[in-house]
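In what comes next, chain A is part of two complexes: it sits with chain B in the first one and with chain C in the second one.
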Partner chain A sequence: MRVQVKLFAFFREGRFIKEERELPEGCTVGEVVDALHIDREEVGVLMLNSRHCQFDTNLHGGDIIAIFPVIGGG
Partner chain B sequence: MADKIFRVNMTDLSTSIEDVPADWAGHGGRGLTSTIVAAEVPPTCHPLGPNNKLIFAPGLLSGTTASNSGRISCGSKSPLTGTIKESNSGGTSAQRLARMGCKALIIEGQPQDDNWYSLSLTSDGITISKEEELVGQGNFAVVEAVERRFTDKIGILSIGQTGEMQMSAANISVKDPDSHLRSLGRGGLGAVMGSKKIKFIALDAGDHKVDIADPDAFKAANKTFTKALVDHPVSQALGTYGTNVLVNIINEAGGLPTRNFTAGQFDGHEQISGETMHDLIVERGGKPKHGCHQGCVIQCSQIYNDLKGNYKTSGIEYESIWAMGADCTVDDLDQIAEMDHILDDIGIDTIETAVAFGVAMEGGVLDFGDSKEMIRIMTDEIAKGTPLGRIIGNGAANVGKTYGVTRVPVVKNQAIPAYDPRAIKGIGITYATSTQGADHTMGYTIATEILGVGGSADPLSKEGQVELSRNLQIATAAIDSTGMCLFIAFAALDNGACLPALVDMLNARFGISLTAADVTNLGMSILKTEHAFNQAAGFTNLDDRLPEFFATESIPPHDAIWDFSGEEIDAFWNF
Partner chain C sequence: MVDNTLAVLPLLKEKVEDGYITLTAAQTVARQSSTTLASVESLAMQHSILPLRYKRNGLKPAEQLKLFSSTIAIIGCGGLGGRSAEILCRTGIGHLILSDPDFFSESNLNRQLFCTPASLGQPKVSILGRELLQINPALSTDLHHHHFDISSITGADIVIDALDSTGARKELAALCHKRNIPLVHGAVKGWYGQLGVESRSNSIINSLYQRPGKSTATPRVFPMTVALIAAMQATEACKLILDTGSVLNDGWLQCDLYNGDFEAIKQE
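This part shows the complex of A and B:
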């Protein structure tokens, strides 16, 4: 299945901003994070199709994942 | 040296230095400005008349070596909202006031003639001088001239042309350590200063230092506190990308108000994002990391240079970039930085003014995305006080009335900032119930709803949001009294050592023995004082509501609407 992955802040360094990736059926958000060699401890927010999600959330074809480090502002 | 109250009466041009009343001794910053406004300002007075007062107060820890303690509070009755108002800012003024022993500066009355004045404060007293040269000048020229007259170490509070013209969105500028500007931004406090005919206030603390009752305990607590701030990952991200790191995440969550609040995502988000801004700053030899006051260890401010590598603006915040960017559909950071510089110079709130532009665009005054026309209007109309300039400079609600626009994002006449309350519901409770009109900083539920700091809450669900906003508004009122930057809250929400260290510093500074519960009670009592002032000014629970369109127009991508009942909102005040 094809999934769009978006990275933000310093997660982009040496990686990418946005990429289409071919993934096996039943893949989880956490497995995408691991495959990108992003330390789960550094992840602040995960979103799937603009809703917050968890590492164990299952993916489906056409999904959009956004992976953010711990960030803040205001 | 015991702290004193410095008082200026602009009606008879008299000054006095007074002992601090016992009731005010435990207060600082917002707690003190709101306590003084409640005690001395008639709630039904005209905000620009002689009975309103303008009060400046450093926080309880300002002037000490405590990290991030350089915030100054300014309080009054707001000409924009008609409510009580406290606005706070970094810069160098809080530290100057605290070190000269000024617990609060109270400015009252109004000159009987057409003269303009300046104030100069030292630990010995206050001098009132007539001012002619700088009348009609922007804030950058004022800072340059006042530094020439005194020294470059002088602290400066000033107003630009919009404050002189008493526009409801006018702010008060605060000089930062590099002689650039920070702002006491919201609620039209610059208009109140203009109504007192004061162009600037110069603050010279000499070599004075703040007394610390227990220096060793203070130092130890500050070490723990500083470590908690420095270690928190949010602090680190703020130092790299500034607050503008939020553009992309709020956009992703579908809560970035776009094109005058008609969509929750902006096609041009990447062009105006914190990531893009960071790269541009580095490429042009600016500084991605910069402190708005001495002693800041987070450094979320920055120096933004233009294409030629010359200074353009500093401390450009997410909310300003959102307002001039997504809300007006401008996707060019250089144009936004230019507008930020102009608005700082003429002394007007970036959020209120840009949201007013968004409403004006909907009303057909100019096209969405036309940043060139925005810049022309700022320079040729607002700065000069033409009829159109005054219509926009008096805020978003004023523009809506003038041009017959019904989609006007304000609460109590103050523009709603950068988070759509339909897609991020907790912040809507803060907008509705804040004692100061719509203001995200009063109870920043975004931390929990979007950023996962201090727990989590589903931004599209109503569950737990009233309680979340209440707890944060109480904590914020207390933090705003200490002189601490609100960004200590990220560490405080996640690190158990942070808040106790802050309480320890308060105790060591004053030789007292507060507990964490005392600090919470302080926050509650400040909110109740402010709420009581508003009620006495004529506000009721029916004013604690969002504009109708939020309940009737859904916002993409989540097709969310604002669905809190009045009764649910009113439960906020059950404490």
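This part shows the complex of A and C:
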């Protein structure tokens, strides 16, 4: 299945801003995060089709996932 | 408010040129009438006379008066707080409540307004308060040199989140919800920043900081990212006061200065 992955802020560094990815059926959001070598502890927000989701949320063909790091400086 | 309006107004009107009053003239009227500069400027705006300093804002006297009659609480007076305070002071907000328990240190020099070699070791709120009055003597301030509490937001129309820790942000959001005061959130890291307006209908702090997150001892904080996010926080605060509406009340804005990319994230 094809899924669109969007990264934000410093998660883009050495990776990409937006990419279409071919993933196995039943893949979870967390597995995408891990495959991108993103530290789960650095993840602030996960969104699936503009709704908040969790690492164990299952993906379906055509989904758009967005992964945001925690940004906390002032 | 001036209680001797009848006496002050003629003095004021004498000195108006082309719909504007200069700072020197307003100060003279204040002295002659034994009242404050803030009262004279407020009275002027009530009578469609603009202090000359606001000429290039291009706002109507009624709008400028609305800003001048407003109180904004700035929680955290480091990078974001110092910049947004300066912009709000120049824009014409009449009253600022500034809260920060910290002192300027050398690693603040890259980004914090009014942090200079001479101000190192000084309380941030004291220096900021002093410099803002140099910019606009009609401004009034309340300085809280301690960790914020309910007194730091009491009387505020808008609160600005210029903090740098997740726990404090959640605490502040809870206080603002309790008092039903809109909270203009901003945060930065390196080339990246985010901002949004937290309210009862847009709970972004709990969304953005729902996970414990990994704490970085010394996060990168670039001066340009700080200046941008602080300017946008000041903008949103003024727009809320002027009732112009906001595109940031159903989500937040992600700002990526490295890639020149800005995206409004909607929360459903």
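Just so it is clear, the second predicted complex is superposed on the first by the 71 of 74 C-alpha atoms of A that agree within 3 Å, B and C clash if a C-alpha of one lies under 4 Å from a C-alpha of the other, contacts with A are read in each partner's own complex, and residues count from 1 in each chain.
Just so we're on the same page, contacts are C-beta pairs under 8 Å (C-beta built on N, C-alpha and C of every residue); 3 or more make two chains touch, one makes a residue touch a chain.
Keep in mind that this is a model prediction, so the values were computed, not measured.
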In the superposed model built on chain A, check whether chain B and chain C fit or clash. clash
Touched partner set for A:Ala9, first chain B, second chain C, both or neither: both
Give one of first, second, both or neither to describe whether A:Val29 is in contact with chain B, with chain C, with both, or with none. neither
Does the superposition put A:Leu59 against chain B (first), chain C (second), both, or neither? neither
Between chain B and chain C, whom does A:Asp39 touch in the aligned arrangement: first, second, both, or neither? second
With the two structures laid over each other on chain A, which partner does A:Ile67 touch: chain B (first), chain C (second), both, or neither? neither
Of the stretches 206-214, 368-376, 422-430 or 566-574 listed for chain B, the one clashing with chain C is residues 422-430
Between chain B and chain C, which residues of chain A are contacted by each of them? 8-10, 12, 17, 42, 44-45, 47, 50-52, 66, 68-74
Taking the touch rule as given, give the residues of chain A at its contact with chain B in the complex, in rising order. 6, 8-10, 12, 17, 42, 44-45, 47, 50-52, 66, 68-74
List of chain C residues in touch with chain A within their complex: 76, 78-81, 161-166, 169, 186-194, 207-214, 219-221, 254, 256, 258-259, 261, 263, 265-268
Spell out the part of chain A that touches chain C in their complex, as residue ranges. 8-10, 12-13, 17, 39, 41-45, 47, 50-52, 66, 68-74
With touch defined as at the start, can you tell me which chain B residues reach chain A in the complex? 233-234, 237-238, 240-246, 248-249, 252-254, 270, 274-275, 300, 318, 440-441, 444, 446-447, 450-453, 456, 458-460, 486-487, 490, 557-558
